[in-house]
Amino acid sequence: MSHVRSPIRQKWVTNTDTYGQITADIVRPIESKMNLTWIAVTLLSAAVMLFGFAMIGWTIWEGIGTWGLNKTVGWAFDITNFVFWVGIGHAGTLISAVLLLFRQEWRNSINRASEAMTIFAVMCAGIFPLLHMGRVWLGLWFFPMPNTRGSLWVNFNSPLLWDVFAISTYFSVSLVFWYLGMIPDFATVRDRFAIQGRKISSRIYGILSFGWEGSSRNWSRYEVISLILSGLATPLVLSVHTIVSMDFATSVIPGWHTTIFPPYFVAGAIFSGFGMVQTLMIVTRKVYKLENYITLDHMESIAKIVLATGSLVGLAYMTEFFTAWYSGSLWERYIFINRAFGPFGWSYWIMFSCNVITPQLFWFKKIRTSMVLTFIISIFVNIGMWFERFVIIVTSLHRDFLPSSWSMYTPTYVEFGILIGSFGLFFTLFFLFAKYAPVVNMFEVKTLLKHPKKPDNLETGSEPVTV
Amino acid sequence: MAHAHYTSEQLTERFQFLGKYRTVIFGLIGVGLVLVLASWLLTDGSEATTHAADGHAAIESVHSPVQPVADTHGEGDHGHADHVPGVGTRMLTGTLISLLFFFTISMGALFFLAVHQVGNAGWQTAIRRVPEAMSLWVPVAGVVFLILLFFLGDLYEWAIIPEGVDAIIDKKRAWLNEGSFWFRTFVYFTIWIGGALVLRRLSVSQDSAASVEDGVSFFRKSTGVAAGFIVLFAFSYSLFTFDWIKSLEPHWFSTIFGVYVFAGSFGSAMFTLGLLLTFLKRQGYMSYVNDSHIHDVYKFAFGFTVFWAYIWVSQYLLIWYSNIPEEGIYYVKRYSVGDPAYIGGSFNIVWIINLLLCFLTPFLGLMTRNAKRMAKVYIPISILALTGHYIDIFQMVQPGALGKYWGFGMMEIGFFLIFAGLFLFVVFTALTRANLVPQRHPYLEESLHHTTGDV
Amino acid sequence: MKRNLLIGKYWDPEAVLKGLDKLTSQGVHIFDVFSPFPIHGVDPYLKSKRTRLTVASFIYGCLGFLTAVTMMSLIYGVVWPMNIGGKPALAFPSFVPITFELTVLFAAHGLVITFFIVGNYWPGKRARLLDIRQTDDVFIIAIDKDKLSDESSVKAVFTDTGAYDISETEYER
């Protein structure tokens, strides 16, 4: 970092000249009374979530025969949803960890919400493999424990088991990273409530803030561990989608087994995650009036990452297609032709146009700075990335090696219900977060404010307090 | 414009291509030539013919009737593995390895410039003339590749095996034929030489802008060029590696191959950059380059060491796990101990040393903060890692081009020295052509005050 | 330990750095600085030792690495060798992902737990604040009065560098 800033650099905090204003703007939703819109949307998402839970209950009660799977297409909707949600999560870690290592200042105001998105997305993702086990109550068998089941150990050669380790490590480390980032901000909220005399609220946030005082000795350690955690989270986030990709790529199924899968899945995950970040941020900055902290420049930077990763994904599609031909292998060649022009061809073209063509619009500054268009494109990205997983999974399976086994796949209402329910869960959690935690990282945004104005409400002679 | 710590002499200094550097460089080239000539002359004359002349095609056709029917990918690598390759092939292989070694480094440097331009990175401004100079090796390498184009048949079996002999190669003829290979190579180099020269020209012309404010327009233009270049680079570099390296074993395929070569080339570009910066500082130049700049260069080197290992594992693990013969052959060739049917017993040593030098050494060596700042640590690590990168390219090229007649000796060392000399000559010449620090660059002040902080 | 502190409150972090610079040049020992966000450049004035958390994290990582390798080698090599897909029982490439994950898991959680223990943080701990706004927009330089020979010069520095409030207080830590 350099203490000199080039005049051509963007201002990441606009129209703000005191630290107090940053605090006030960001804490406002927590301090203010619940408003009706918030209650309405939260209840709505909760209702959707409950509908999903009902479908989950039905699945557990009746078994996964309620899904549209068959012998040929034994993996379909739920694994698609699993990979989709895990992918969404990746942007949060990328913003909080990778961009921190790259000293990107603009991450400071979007990292909190994106990390929250990560946590909630991974929670949604976790539902699907658990359900697909059929007997969820035996989930503990995932872990390598000494047992009396004839010494039945887990299969360390199975990418599905690698997933268990990867997802649980990823979830717990992201959670800790996210929480650690909130500790100083919870302290700020605690003290704001203390000033207003709202003792119970102050105490609740006090418990959450672990007694943070803002001593420089602690800040110094705090910054060190943030950097180390970023250094750990960066390869971690790569490993997670790498391992997810290996669920497919270690097999011998044409269309699944290709060596580019690990980096390609990671690029796709970041792409889809940033699509979701766009969707969420455009709404959040508008509703909470945070346009001074999440500026158009922020949205442009995000759009550029969407463009870059979208193009990378496009490169991977084309490499795959080319190599399928180049391999000279009958099956490889067939499966890719079938993917694009077979019975599920429509899903391929939805995927291709949403993921490769639509983001190319972000080459234009006009589109990057138009929030309406960005929002629309971000929805396309989300749809496209869901279809990407669907295409990979279903089109590769439905044409088996044995033509007599060829079949089609149609999802049932139960599968749709669970997918919709997972969105309900995601948004319920996100709304709760947006109400009860600072959606923007206050202390990191404050570091971006240079040359503050003297606050006009400074008090002298205030006594020390214990909160 | 006030530069807090540095005099205007320091900020307008130019590199002097002194006689002693020339002596060393010409020495390298001279010794290299002698080694190459010696090993050429010492080779038995009767073998000293190239493939095109030795009736290779006839040998092939005797061998292969089984192949087209069985459709077993890769198993019978008839091309170069089945007969003693001539010294000509050995020389061309040596050329290709050393050429690729320095070429991938210069492409890494070029990508470094483009991606930092697009990413609005301030810290690298003070050092960017060095990667710029490195990127100017791309046009020179292009000329050598052009020469190699005339000898495709001696390097690539698909170029000499006639139609109807090898069913798998026949399926790829639309891609693997000399005409389109020539065409593609010209396209790649048009893109890269164009990118390198335009970025360089914009950077140098910025020096003569009237003020920093006037320089911004050059800077903006560079950003646009760099953004477009990155897209073209991603496609072309990937295809280039498929063409020039992967097709040495034309039955084999791996989608990740381009990423693998890219990971190695960016990492080794950073190691080279670190060495060059240290050299320049020790010669009294670039006093404004501080420990933090070096630290950041080696952070990249460290990061790409890990990234290289990640891509390596991805490719290896997936191929090993699936155990599909047409893919697995690639590694079977490289590590089956004592199986002369493929490549001869001891190649696995090369393969293991490659892993140790490319991953383990820099990973453990550069882990701490101090290691990235202390020359006595990072210089040996860089040299080891670059050796590893050479071996990496060696193990990509030789098993395909020479098969079980692989070897490492005076020939390979000779070519390496020749190309090292040429590379340094180009880089040093490029450094003399402009100020060592870009003038009127909007991020120059930031870079001069760059610090990575206490962590 | 109870201490008597002399504190200067600022509203501008740049001024804090100036104050610290002047104070340390006069040989004053700085007890601590409190701020709503980390101010870059404060650490050298506090003369605190470089944290060894990086080393700790490395050790935890090694521990995770060993745990993973030992666990999998013992289970598949000794306790219950299994032939899966014709691979050897000890199929090390297959162990890479889990080994990596456990290394990161141990390194990250070990690091954070150590941080909480070293800094004495726990849920529900009460915070002792010199100013209720020190987590919002107030920056404080605190100096141990008992170690001070010349109070007035410190106060003068505080005033010169733009402290808006100077006071004395008892503090326990």
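Note that the chains are named A, B and C in the order they appear, and that numbering of residues resets to 1 at the start of each chain.
We take it that contacts are C-beta pairs under 8 Å (C-beta built on N, C-alpha and C of every residue); 3 or more make two chains touch, one makes a residue touch a chain.
Note that the structure is a prediction, hence the values are computed from the model and not measured.
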{"item": "Chain closest to the assembly centre - both centres taken as Cα means", "value": "A"}
{"item": "Interface with more contacting C-beta pairs, comparing A-B to B-C", "value": "A-B"}
{"item": "Chain centre separation (chain A, chain C; CA means) in Å", "value": "28"}
{"item": "Centre-to-centre distance between chain B and chain A (centres being mean Cα positions), rounded to whole Å", "value": "36"}
{"item": "Inter-centroid spacing, chain C versus chain B (mean Cα positions, whole Å)", "value": "42"}
{"item": "Contacts with two or more other chains, residues of chain B listed in rising order", "value": "317, 321, 453-454"}
{"item": "Residues of chain C whose C-beta touches two or more other chains", "value": "40, 43, 54, 85, 94"}
{"item": "Overlap residues in chain A, where contacts from two or more other chains coincide", "value": "1, 3, 220, 223-224, 235, 242, 246"}
{"item": "Residues of chain B defined as touching chain A within the complex", "value": "73, 119-120, 122-123, 167-168, 171-172, 175, 216, 219, 231, 234-235, 238, 242, 251, 253-259, 306, 310-311, 314-315, 317-319, 321-322, 324, 326, 442-443, 445-455"}
{"item": "Interfacial residue positions of chain C with respect to chain B in the complex", "value": "40, 43-44, 50, 54, 58, 85-86, 93-94, 96"}
{"item": "Chain B residues within the chain C interface of the complex", "value": "313, 316-317, 320-321, 323, 367-369, 453-454"}
{"item": "Chain C residues within the chain A interface of the complex", "value": "11-12, 14, 32-40, 42-43, 46, 48, 51, 53-54, 57, 71-72, 75-76, 79-80, 82, 84-85, 87, 91, 94-95, 97-98, 100-102, 104-105, 107-109, 111-112, 115-116, 118-138, 164-165, 167, 169-171"}
{"item": "Of all residues in chain A, those that touch chain B in their complex", "value": "1-9, 102, 220, 223-224, 227, 235, 238, 242, 246, 249-252, 257-263, 311-312, 315-316, 318-320, 323, 326-329"}
